[in-house]
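Two complexes follow with chain A in common, the first pairing it with chain B and the second with chain C.
Then we have the complex of A and B:
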């Protein structure tokens, strides 16, 4: 396993190098002179030449490419033209958690809903509820997304006033706050990450227990600890809590909107996968064994139907930033998507290149995770280390 | 395969020919149809038989004659469009068809377990074989076994069916076809059932493995006094391991009796023709007599005796009236108006 991961990492580095080169030349290939956009045309020629040199825009394409690659390896992604002289890496590390936060919850929500509904639809075929759910699912799946998002804002934010209309936080509320948005958000991410890790470890560890009573004890303690941690953490940080809640409040509507759009695809995928699984002989075996219906559905059929769904889940994560362009624009959420859009429109080449580089990293990581998850979920797949 | 005539001549199939009188399973006038758009498919029509405790029964017949449908109806596992229109299935005196779903679920595997046709696919690929056997024990043992108890029992069963107990923690794909089938047998025994139904237990296996598996099943039946129903289209298999046999044709049981008796002297024209079309390895070389025609469409079965369109002895009465399954000599039942015309011995020799 370790050997496999090691070899894959080497492959990934090579692939990433190719990807980065491609991105670099794609942006290089666009017409026009970037310097004309960001430098005052009235400045004297020699100062202009100096500035061009400082921005790293002098020299031939190949030397600039080589510069970019070697700098990238050291973590220097250049400086933003728009927010000069802020380093690109700084901009990106500020934006990435926001996007991951939004999309992790939206994706989790859509997969939980989609998978649960999908397996039920396949299990109880026919009947009014199946048709109703399928039709409304397909409707949401095919609806024009920006329009749907605006309708959601109109209804829940503007109309009912349950949620803020857009943005990451409410600036008026934050005026004079002792913390910056990023500090609070960092704490929020940290607490959720720890909770999630404890939760995941508990689920894994409980499954490994042979004795059912032990597994139950492990679950109670583990899930209890993870929740207790979250509660205690925010009790201790009481001064930060209202600000954290403000950010959470802002994130609910985009998360729900994204999940509503995405769950139908998962639901239909699960339904199809389940219908295939239900034809298998081992389902009949389970019935003959007297396994209760619910367990046949969840432990036997859905467990096998899960495999293609997991693939789509992880691969879907890779397209977050692309999908984020629309969502983050509609909800004015300052994440990677809106960053990529503004950088591209403003021809802020270093930021655009950097953002695209992270899309590539995310995609490569997602593929690695799929392979590892598959080996864990499907015992028939053994990772070949080769000899 | 052991040759049929030889075994019959040796005068036994390994068990006592005088059957015990205590019935473990009584099937009475069982009728089951499949409802499809075009109408009702008469899959099981008025089937009755009794299996005494500790004995084995074989159901033979062509594909689609209703033998698997009988098995699935006994377990109440037939497809969603199956309609049981009448009859009784008494297991140890209790009519399974009258139980509610939850009661039936508790009886499954605890009272009747099953060895399925597709050994290859009867295992869920994502759980180890040990986990799947333990699932059955967890559901039916009273009280529920501890991990150690379940493991001890599984090891014992693995040894019984000739599997290395170290295989318990392996996944199904790490087993060969024969090993999977052995493991299925181990699982079928895990809750000490009253009856095992083996539906084509060896069909997917090669002849050598087939022989080993049959030997395993025979051993289990004798050692534990297990009652087993075998379902097969392979007459040689039935001949080898059963005490009693029933011949099915187009959803009906046409002949029922002692396996040795039926092989020695098939009395129903269908059984007679089937045995005539079966080559014998050790017996004299002879011309085989093929069985002409095809099984009928059960959406619209033939009137009277369902076999009459293919029967060489058919008369007008066969077209008009359905022959009942009647005892013609002790323990030997036949559903035929003209059974007396069926010659002694098989066709090629008779000619």
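Then we have the complex of A and C:
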């Protein structure tokens, strides 16, 4: 297992450097150099030359490339033009948790919806409901995202008034608040992270139990603890609670929108994978034994159909990150995606490329996590690569 | 002295076509090669069409695409006459054609009985200089609601929405075509080369493909559009390369691998076929059908990406579905509810439907290519 993780890690590092190189050449290939673009054209030539030397732009391409890579690895991404003289890394680290929050919940939600609908679709092939769900799922998948996000806002925020129209928090409500938004959000993330970890550990530990009764006890205790932790945490931080709830309230509509855009991919994959699993002999055996249909579907077929769906997470990942950029922008959710777009529009090149690099890192890291998860779920994978 | 060596197998296929092929001494194939190929193609097409037809959703997708094609064709026909007659065809980018409404001027706001035909003098000053009660004032309506002149109304700049919609359809098809052709070219080439040569080249190409597959296209294209001026053909090529080098190349490589071990490849090699001949005449033609499947998904991707990037105003394009929404957004009409629905609905529905149409066709083709997905 360790060997497997190590191999994947090495591969990821290699891919990451390949990606950084790509970003570097994107920058390098832009017309004109940075001094020609952003400086007064009338400054004397020797000063310009000095500047070029100071910025390390005087060497050859490879020395510049090496500069870029070393600077990136040491965390020096330059200074934002727009928010001068704030370092890019500072801007980005402020935005990352918000994007991760949106992204994690939207992914989880889309997987839950997609997997549940997908297994049902495969189970009841043909018929009107299959067509209806497939068509609406694909329409949501190919939908013009910003347009869909706007429709969601028009309907649920402007029309029904259930959710705020956009933004991260309600400034009127926060006036005179004893905390900053980032502090409250940090606490929120912390409590959810702990809850999630306990939850995940319980699920993993319960599956390892041989006895059904012990597994049940483990589940009750584990899930109970995680929920109790969340409740107690926010009872203790009662002064912060209304502010945290405000942030959560603002996040619901973007999360739902992103999940709706993304679930169809999971749904179609589950369906395909289920159809294959349903042809297996053990399904026939289960049917012959008289196992209830629901149990065959959920416990025999869907469990095994889950594996390919988890691997294909990689495909969905790029999709959901792309959708996230759009969703964040339309909902004015101040995460990496909207940072990327606003920086690009404002020609804030260091921030734009820095954000792009971090989006890439996010994708690679998520890929790594899924790989490891997959190896945990399916012993065949680690045995194969171990040899 | 360098003698130009000819690949013997190439010599065989380079025989003048249409004359029948001579094998050995005096023997002739009954038909010329292209006729055989055409017949085979037609046969497999008919077989696949029967399979395709069973998928109702795929047929619906095809119908949607056909509808959009008709719409694209209709544009120069439907828009070749009208008040813009000095131009041969109405240009939806610069064609200002706001319908004018005549208002009767009354003295004060309290006198206005019917706000659709009457206006108080004070307000009318905005359009008609120094009007007094009793005058009439002609005011251009923009955005104008749908009417007989403009079936889908006009946009905030007084341009006909229906024409913009049809005009943009052509652009969408063009973009899809470019992206699809580039994808097929890139993916089949990369896939075949990686499968054929193997070794470090295969490893390197597949790692790059992994990377491209992992990366979300939207952020990359957003940053690229900030650094360069990207227009429609360039965008098509970029999307083609990025989607062709990613997942499609990986799938086609595995397909090419399964072909590489077939006996006819060995046969061709034994009869002296060069590597290039093997790749271009044997592997690529066998991989190509599968790549058409991924072409459909590329078109879906290209259409929605273009719309998204245009919506954010990042592309150097003068009219597209995304630009239509961008105009409505930048003029502040988009978030005001459904009051100005003709600015919001047509463009969004067009993007969604065309993208979905190609996706459904792709999925139906997937069921033709992958027997395991079929109902029987």
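The definition used in the following text is that the second predicted complex is superposed on the first by the 331 of 387 C-alpha atoms of A that agree within 3 Å, B and C clash if a C-alpha of one lies under 4 Å from a C-alpha of the other, contacts with A are read in each partner's own complex, and residues count from 1 in each chain.
FYI, a residue touches a chain if its C-beta (ideal position, glycine included) is under 8 Å from a C-beta of that chain, and two chains touch if they have at least 3 such contacts.
A quick note: this is a predicted structure, and the numbers were derived from the prediction, not measured.
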**Message:** A:201 in the overlay: touching chain B, chain C, both, or neither? Say first, second, both or neither.
**Reply:** neither
**Message:** Touch test for A:4: chain B only (first), chain C only (second), both, or neither?
**Reply:** neither
**Message:** Just checking: does A:304 make contact with chain B only, chain C only, both, or neither of them? Give me first, second, both or neither.
**Reply:** first
**Item:** Which of chain B and chain C A:284 touches, first, second, both or neither
**Value:** first
**Request:** See if chain A has more residues touched by chain B or by chain C, and give me that chain.
**Result:** C
**Message:** With both complexes overlaid on chain A, does A:234 touch chain B (first), chain C (second), both or neither?
**Reply:** neither
**Message:** After the superposition on A, what does A:65 contact: first (chain B), second (chain C), both or neither?
**Reply:** neither
**Item:** chain A residues touching chain C - in the complex, by the definition given at the top
**Value:** 11, 14-15, 18-19, 22, 26-27, 29-31, 125-126, 131, 134-135, 138-139, 141-148, 150-151, 153-154, 158-159, 165, 268, 272, 275-276, 279, 314-315, 317-319, 321-323, 325-326, 329, 337, 340-341, 343-345, 347, 349, 352-353, 355-356, 359-360, 363-364, 367
**Complete:** Within the complex, chain A is touched by chain C residues 56-57, 60, 207-208, 210-211, 213-220, 222-228, 247, 300, 304, 307-308, 311-314, 321-322, 325, 334-335, 337-338, 344, 347-348, 351-352, 355-356, 359-360, 363, 372-373, 375
**Prompt:** Which of the residues in chain B end up touching chain A in this complex?
**Reply:** 75, 77, 105-110, 113-114, 116-118, 121-126, 128, 135-136, 138-140, 146-147, 171, 173, 187
**Item:** Contact set on chain A toward chain B in their complex
**Value:** 210-212, 280-282, 284-292, 300, 303-304, 377-380
